[in-house]
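Two complexes come next, and they have one chain in common, chain A, joined by chain B in the first and chain C in the second.
Moving on, here comes the complex of A and B:
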């Protein structure tokens, strides 16, 4: 699903299908790397909670916004399910 | 092994012809194959910068303009071949292809090999025939109207939604939002490139350009897909990056197969923003000016063309990998008055032989 995305350690993202490039924050890099590694979208808030000691609701909202942005940029399929705020 | 390869289109301004990058690619191919090559540049203008660039053409000859006809062109090439027999000739300009097609048999008798489409293929890919492409070959193209009479501009709204692209038959394209815009573009394009002028439905989306070489049997021998990263004010690529999209590769393969294209071409494809559909917006019947990117991407298409023109058996190259960038630069080049004088007065420029180690 993400085989067209080349993400470097410093957050530089290259979409091999479109030629578009992006710079991700360290948080975005962590989330996208998790998705590329096979994490389900609804498992992403837990990744943020573990890494940054956030509360679950904030983490879920951040992940939802991040996924919406990815969908706007057509970096993930529009049918990727959004996470539920908890 | 030694080869003499002639290449046209040595203009290298901010709207460059493909000749110089084609020659650079061939030199790279010769070096990799340990083949000695002699490059003959065929120029239309004394001031074409490629005439004077170091390590580009070994000899340069001024050529008659295509409008002077195929016979004049053949006479000039016969004269050149008496001095320097040419093994392969790669025409790089749209406007000269018809003339080269007419004389290619005579050139073959001279030992000059070309890799060109036939007249029917060339006509079919012309912008004026795009509706035929859609109807006869089933290739998705934007709706278009062929204009030879400006009086029909006022009826365009019956067929097309604005904005539209207004294109010259050989080069140049402008976005037009109103019939008045179309009228202005029509006059500009008709005076520069002649009639017809083509008005094409504008498809909002992302453009991808694919350089490729067809084998004439429906197969693609090599292809490099690129997305422009920066443009000149004429919309020409000043920087770009290779992309790898299986859907785009399949679209190009399908288009080449339906056309049974033979030789180099550049296929311009628009990926629509709304539904992601791919539309063919143009086929240029020669290499693009960014073709040196194919060397960077490990798919040296001009060198492949030389081998195919010579009748060598070569395996098709896989699509180029993504992520190879090119950025064009501009350089002030110092030229010798003696060279300029030679080309101006004799129509020829012969540069000193380069040391073998530099070849």
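Moving on, here comes the complex of A and C:
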């Protein structure tokens, strides 16, 4: 489902289907790259916790908001369930 | 484990709209301290939101403005425009710097007296001066600016009762090229009303024309408008001298110089587009000095500068209370200070800066106040980094009009502090309490619960 997305290391994203472009923060880039590589949304908070000194609740909340934003921008299917904040 | 600091995961869509030669806006920056005092510590000590005034900045600006005029014209007197900000501490700084008081109501007149201003150093302006206040002001030698014929007749009657000739100033309005034209105050110069009023005043024999006054408008970005007003006032003064033999001793050019705030409709920020005060001084002084007054009859130039003096000395510190995505995907934050204490948000694009910049991508953000009212928008669009609940923001410049025009509406009004020249921090107005709001009310006995 991410075949149409070209994501550079410095966070520039090009959607070949719509022609839209985006900028992502370094953590946004990390999360989207994980999704493109096949990671499940539920596993994304752990990616942040592993990478940064971050508590699980903040990681879960930030991932939830990020996935909602991806869904609003129609970069992920709307039926992708967001992770639940714990 | 990464050595990079954590920033929130963010994605921002690029919007390709009309070209903007100035780019997307200001680069990100933050403001952790004012005059060396930590804003985070101030919030912990006094609560949020909090108005912060810098005495150092205020005095610097007053001296800068005064110097601009003193360099160019030999007889200048400033009068502090009370309605711009009548916190006692602000007024006392202004008077300590040599300013008289310019008041526009009997309430402000009383405030000036309480601050120790002699009546002879009070300019009494405005379209409505209740008769007792007008009597007191004329009897005590204040500089009363007459706004209309009914006030002229009332002043004549008072002079008759006092049994002496009383000096007054006539307020005038005229076309100075400023739109919208301010013609609701004073006598119109363009249609001859001003000259008729002056002749009537002299013919009455009870009043003496001491001065002429004109307030061009508010937030005037064209200094030449003042040049035109000064030239026309000066010409009228010379004509009156020729006709009556009595020199006009004061010319009052009012206030209205722009501060470095930015109007919503302005393209470039006020820091780039507001003319330096020297340009206003140059325009006014040039017009007066070239008008042809005899050297010994050069009138005193009075100025009622308000916003330009105080605006940049005031900041509001506020905390983020919520992050929210709007239905169209736009980002918004809710802060704990609304338009009830930031009245000038309706006209100005205030700077909104994080106190601490923790990095992250900037995104266009709507900044909402905490009021349950749709109009409570502090900034419709400003670039801000990701923010957490509790993060502090600085809103500036807010020193002019926000204190005097604030409303107790839904929420109580915040505390106000002044940072002194040596970094001392003083509470100059405590936070409002519920009893302050309810003290003036009276509940009829039939509604009281026994």
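The criterion applied here is as follows: the second predicted complex is superposed on the first by the 86 of 86 C-alpha atoms of A that agree within 3 Å, B and C clash if a C-alpha of one lies under 4 Å from a C-alpha of the other, contacts with A are read in each partner's own complex, and residues count from 1 in each chain.
Methods note: a contact is a pair of C-beta atoms (placed from the backbone, for glycine too) under 8 Å apart; a residue touches a chain by one contact, two chains touch by 3 or more.
Bear in mind that the values here come from a model prediction, so they are computed numbers and not experimental data.
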{"item": "Combined model on chain A where chain B meets chain C, clash or fit", "value": "fit"}
{"item": "Which of chain B and chain C A:68 touches, first, second, both or neither", "value": "second"}
{"item": "Greater residue coverage of chain A in the superposed arrangement, chain B or chain C", "value": "C"}
{"item": "First, second, both or neither for A:52, with chain B first and chain C second", "value": "second"}
{"item": "Chain B versus chain C as contact partner of A:9, first or second or both or neither", "value": "neither"}
{"item": "Partner chain in contact with A:32 - chain B first, chain C second, else both or neither", "value": "second"}
{"item": "Touched partner set for A:18, first chain B, second chain C, both or neither", "value": "first"}
{"item": "Distance in angstrom between the closest Cα atoms of chain C and chain B, superposition on A", "value": "6"}
{"item": "Interface residues of chain A shared between complexes with chain B and chain C", "value": "20"}
{"item": "Residues of chain B touching chain A in the complex", "value": "206, 208, 226-227, 229, 240-245, 247-248, 322-323"}
{"item": "Chain C - residues contacting chain A, complex", "value": "1-2, 4, 6-14, 323, 325, 329, 360-361, 386"}
{"item": "Of chain A, residues touching chain C in the complex", "value": "13, 20-28, 30-32, 48, 50-54, 62-63, 65-66, 68-70, 72-73, 75"}
{"item": "Residues of chain A touching chain B in the complex", "value": "4, 6, 14, 16-20"}
